[in-house]
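Below: a set of structures, written as structure tokens.
Each of the next two complexes has subunit A plus one other chain: subunit B in the first, subunit C in the second.
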Partner chain A sequence: MCTHDISMASVLLSEAERTFILHGVQDGLRTDGRTCEEYRIMELQCDVVSNTSGSARLKMSHTDILVGIKAEMGTPKPERPDEGYLEFFVDCSANADPEFEGRGGGILATEISNTIQRIFDSKDIVDLEKLCIMPKETCWVLYVDVVVLECGGNLFDATSVAVKAALHNAR
Partner chain B sequence: MPLDSKRIPGPRESFPVTNFISTEKDNPDLVNDDGTRHDGRKPNDIRPIFLRCGIISNAKGSAYIETKDTKVTCAVYGPRQVVRREDFKLTGTLTCDFKFATFSCQKRQQHMQSSNEKDLSLIVLQAMEPAVCLEKYPRAQIDIFITVLQNGGSALSAAITCASAALAAAGIEMYDVVVGCSTRQIGNTCLVDPAYDEEYNSKTGGKNNGSLCLGLMPSLNQVSAFIECGELETEILMQSIHSCVDGCMRIYPVVRQCLTKSIKSLQKHQDGT
Partner chain C sequence: MAVDIRLPRKRKRGELTSEPRGLVSPGDVITSDTGFMRGHGTYMEDDKLHASVAGVVERVNKLICVQPLKTRYNGEVGDVVVGRITEVGQKRWRVDTNSRLNSILMLSSVNLPGGELRRRSAEDELMMRQYLSEGDLISAEVQSVFSDGALSLHTRSLKYGKLGQGILLKVSPSLVKRRKTHFHNLPCGASVILGNNGYIWISPTVENESSDTAGGFIQNLEPVSEDERGVIARLRNCILGLAEHRLMLYDTSVLYTYETSTKYEIHELLKPDVMEEVIHLARLKLEQEGT
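Moving on, here comes the complex of A and B:
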């Protein structure tokens, strides 16, 4: 069962504030001075967590995402015996928003995790056959764990960039 | 996996037999030389649709859709009081529960909702939300329950169409119905309404390998759901979207016909009693 009211950290706006923002957007200007098509500046750091095979941290004004990749050996999936696989997990930590405490962040986390899984489910992004050690017996499993440290909007873009960087960083 | 206490336990580790069957098909290409697909359709053809409302008597509204091998049923309950008092809002709440029946896919599904099913629930919810007039139902909750009885391909788009029909049959006020359609893109060919073996597979390499699912509100000409998997170039993606919209417009008359038929039979029933 899922309800859609708590999707991102909800901000309560007065009617006047809403009109102000809408008028600004019609003129091509957003509240922080950007144009409609401008991105915020991203800061990307790789290799931030020493216990992982690869990691990345992305900061984009108020959004902070940390990705860690751990490689473990496991059995390949029966329908793909000569490939390894990736497992994605997203954790919206309670630091990001008090609404995420306990089960609150679960729905958003599932949504991001599934979207990332769909994005990275392509031959050209990660060559899964290289992750195979012995067909049908062992393979590398890459556990990609994403922690949302701060939720400042545009989580999908930030998470996908951070995961890509972490995968690149993984040895 | 949590142990299922309702079942007499069999062997702990079990896997489907299909893993051992060779998956080499005689024709690995999805489109034959004469331009037809495996089931004889042209790339632009959608499968014939059977849509019927009012199949679950207990539900406020219900619908059943069948397109060749894909069978989806949907029940709508509500508007009723919100289950949790904390969710007291001035606009209505829409919830959606999507579940594959355990026997529906080639691989046996689990009883508990997997994360894929949770994701699909969210997608259908996001598709239906713009269409329902939630301001007309303050402090109320409308529940949509979707069960896929057999997954023969394009289950998500069938579910979206079915959910709209069920909501309309339940008498929930809506701005428009939402019609779902999927396509599969391989290279330059666009296959509308893919069957199970035509669905997106990341193993098939090559450029422009992807699939698309679109939820369209036909009268308002607005897209309310858009899910894409795989890699597609921008122009190919635009063509795919146009094929999807065409497919939706072809399915729309079927939905209208089904709803008018259900209203007429309801009227006849009321006049008869």
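Moving on, here comes the complex of A and C:
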């Protein structure tokens, strides 16, 4: 977990509660019975936003992420002339957590955006060469917009799964 | 590492054995008779009585009111609540109890070390933070209700006080049945406090009931054994499942749900269809017993 100044959803805990949770994590049995590596159930729905090329909505207990992808023409980056590219924008909406009001969500949003950018920069996930129309002149640019509707933990995993689903859904 | 991803499902209505009579939604006309007095949750329009909240209509002689299904906790004197300290003030603590206003715990309403009859001195005020600080959980009883609706709590019995290791759950206050006792030592090996305000506290059972240190001063921070931890995790999933299916929470319902859930792994209970089956079996068992 990356550390940042604003905690994702600061919860008051007593010392005993904190000790109990930490001991559980050390033993490999968390408070809801999962091991340290298990995920919660996710609900995925594609094609939810009509005026986009692809979209997905992922719900994982209290976490809700909405991803929309718009494809536009643009010029390729100079260091990669025969590849298209993806542009990510993450918005932590104020609905997700009271701390995200105003500027609050900005730091977390940039962190998620940078992480997702690094994850999806690999050829195994998206074949960027397919996005090229004419080398050095035009290519497809995929603008990926992520909105965090509700913050219930594990934003990074949820966002990456949602983006992957939206990319798959994009024609 | 398998990840379970599924399509969203429509919220099932669940099998309703009998829909409670008198369910209204906001705007519904309750009666056109003008002889009734208006209670909470109603308003008059065009000489007709309408409901302003979603709930069940209750009629006491000439008074009609609507008890809402989802509401903040409205305290009554004598209720057992579980609360979290949010603020340490002058001679009092502010406690969050899931009600409209934060509750108050006065310094004179707690048990201090050294006997109950000690007069509260100025030093006690300064030592308040050492006893209860922000974030601590307590179990307390409602002593009185202020005129604005805020509750005044007290922990003047040995069974109340600061809570140690365990898990806190939040459910709707309307799901906790009012019983004689809210402290249950379940035979499966854990203790449960069903607070009237909807805060449920699950903790490992403390063996020695004789606590010479009043009200949990010295906290036991030793690691809890894995079996007890499993019991607590299972209870947590069961109680949350009961809350999601809107079943009343009391010791018997929790226990039956726990027993029917033992055939599944704890983390399997997190799946909605598994939980539905467990709740269904528990509900059948409850109806059989007639409780």
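Rule of thumb we're sticking to: the second predicted complex is superposed on the first by the 160 of 171 C-alpha atoms of A that agree within 3 Å, B and C clash if a C-alpha of one lies under 4 Å from a C-alpha of the other, contacts with A are read in each partner's own complex, and residues count from 1 in each chain.
To be clear about the criterion, a residue touches a chain if its C-beta (ideal position, glycine included) is under 8 Å from a C-beta of that chain, and two chains touch if they have at least 3 such contacts.
If you're wondering where the values come from, they're calculated on a predicted model, not measured in any experiment.
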Task: Simultaneous placement of subunit C and subunit B on subunit A, clash or fit - done: fit
TODO: Could you say whether A:S113 touches subunit B, subunit C, both of them, or neither, answering first, second, both or neither?
DONE: first
Open item on the list: By residue count, which of the two partners contacts subunit A more extensively, subunit B or subunit C?
Closed with: C
Open item on the list: With subunit A as the corner point, what is the angle to subunit B and subunit C based on their C-alpha centres after superposing, as a multiple of 10 degrees?
Closed with: 110
- [ ] Identify the partner contact of A:S14: answer first if only subunit B is touched, second if only subunit C is, both if each is, neither if none is.
- [x] second
- [ ] Could you tell me if A:E79 is touching subunit B, subunit C, both of them or neither one (first, second, both, neither)?
- [x] first
- [ ] Applying the touch criterion given at the start, work out whether A:L149 contacts subunit B, subunit C, both or neither, answering first, second, both or neither.
- [x] neither
- [ ] Once the structures are superposed on A, label A:K123 by its partner contacts, choosing first (subunit B), second (subunit C), both or neither.
- [x] first
Open item on the list: On the A-aligned overlay, A:V48 touches which partner chain: subunit B = first, subunit C = second, or both, or neither?
Closed with: neither
TODO: Rounded to the nearest Å, state the minimum C-alpha distance from subunit B to subunit C in the superposed three-chain model.
DONE: 13
Task: Residues of subunit A contacting subunit B in one complex and subunit C in the other - done: none
TODO: In the complex, go through subunit B and note every residue touching subunit A.
DONE: 15-16, 18-19, 87, 89, 93-97, 107, 115-116, 118-119, 121-122, 125-126, 129, 202-203, 205, 209, 227, 229-231
Task: subunit C-facing residues of subunit A, complex - done: 12-17, 19-20, 23-24, 26-27, 29-35, 37-45, 59, 161
- [ ] Note which residues of subunit C are touching subunit A in the complex, please.
- [x] 1, 3-9, 84, 86, 134-137, 162-168, 219-221, 223-224, 226, 229-230, 232-234, 236-237, 265-267, 269-272
Task: Interface residues, subunit A side, partner subunit B - complex - done: 1-5, 78-80, 107, 110-111, 113-114, 118, 121-124
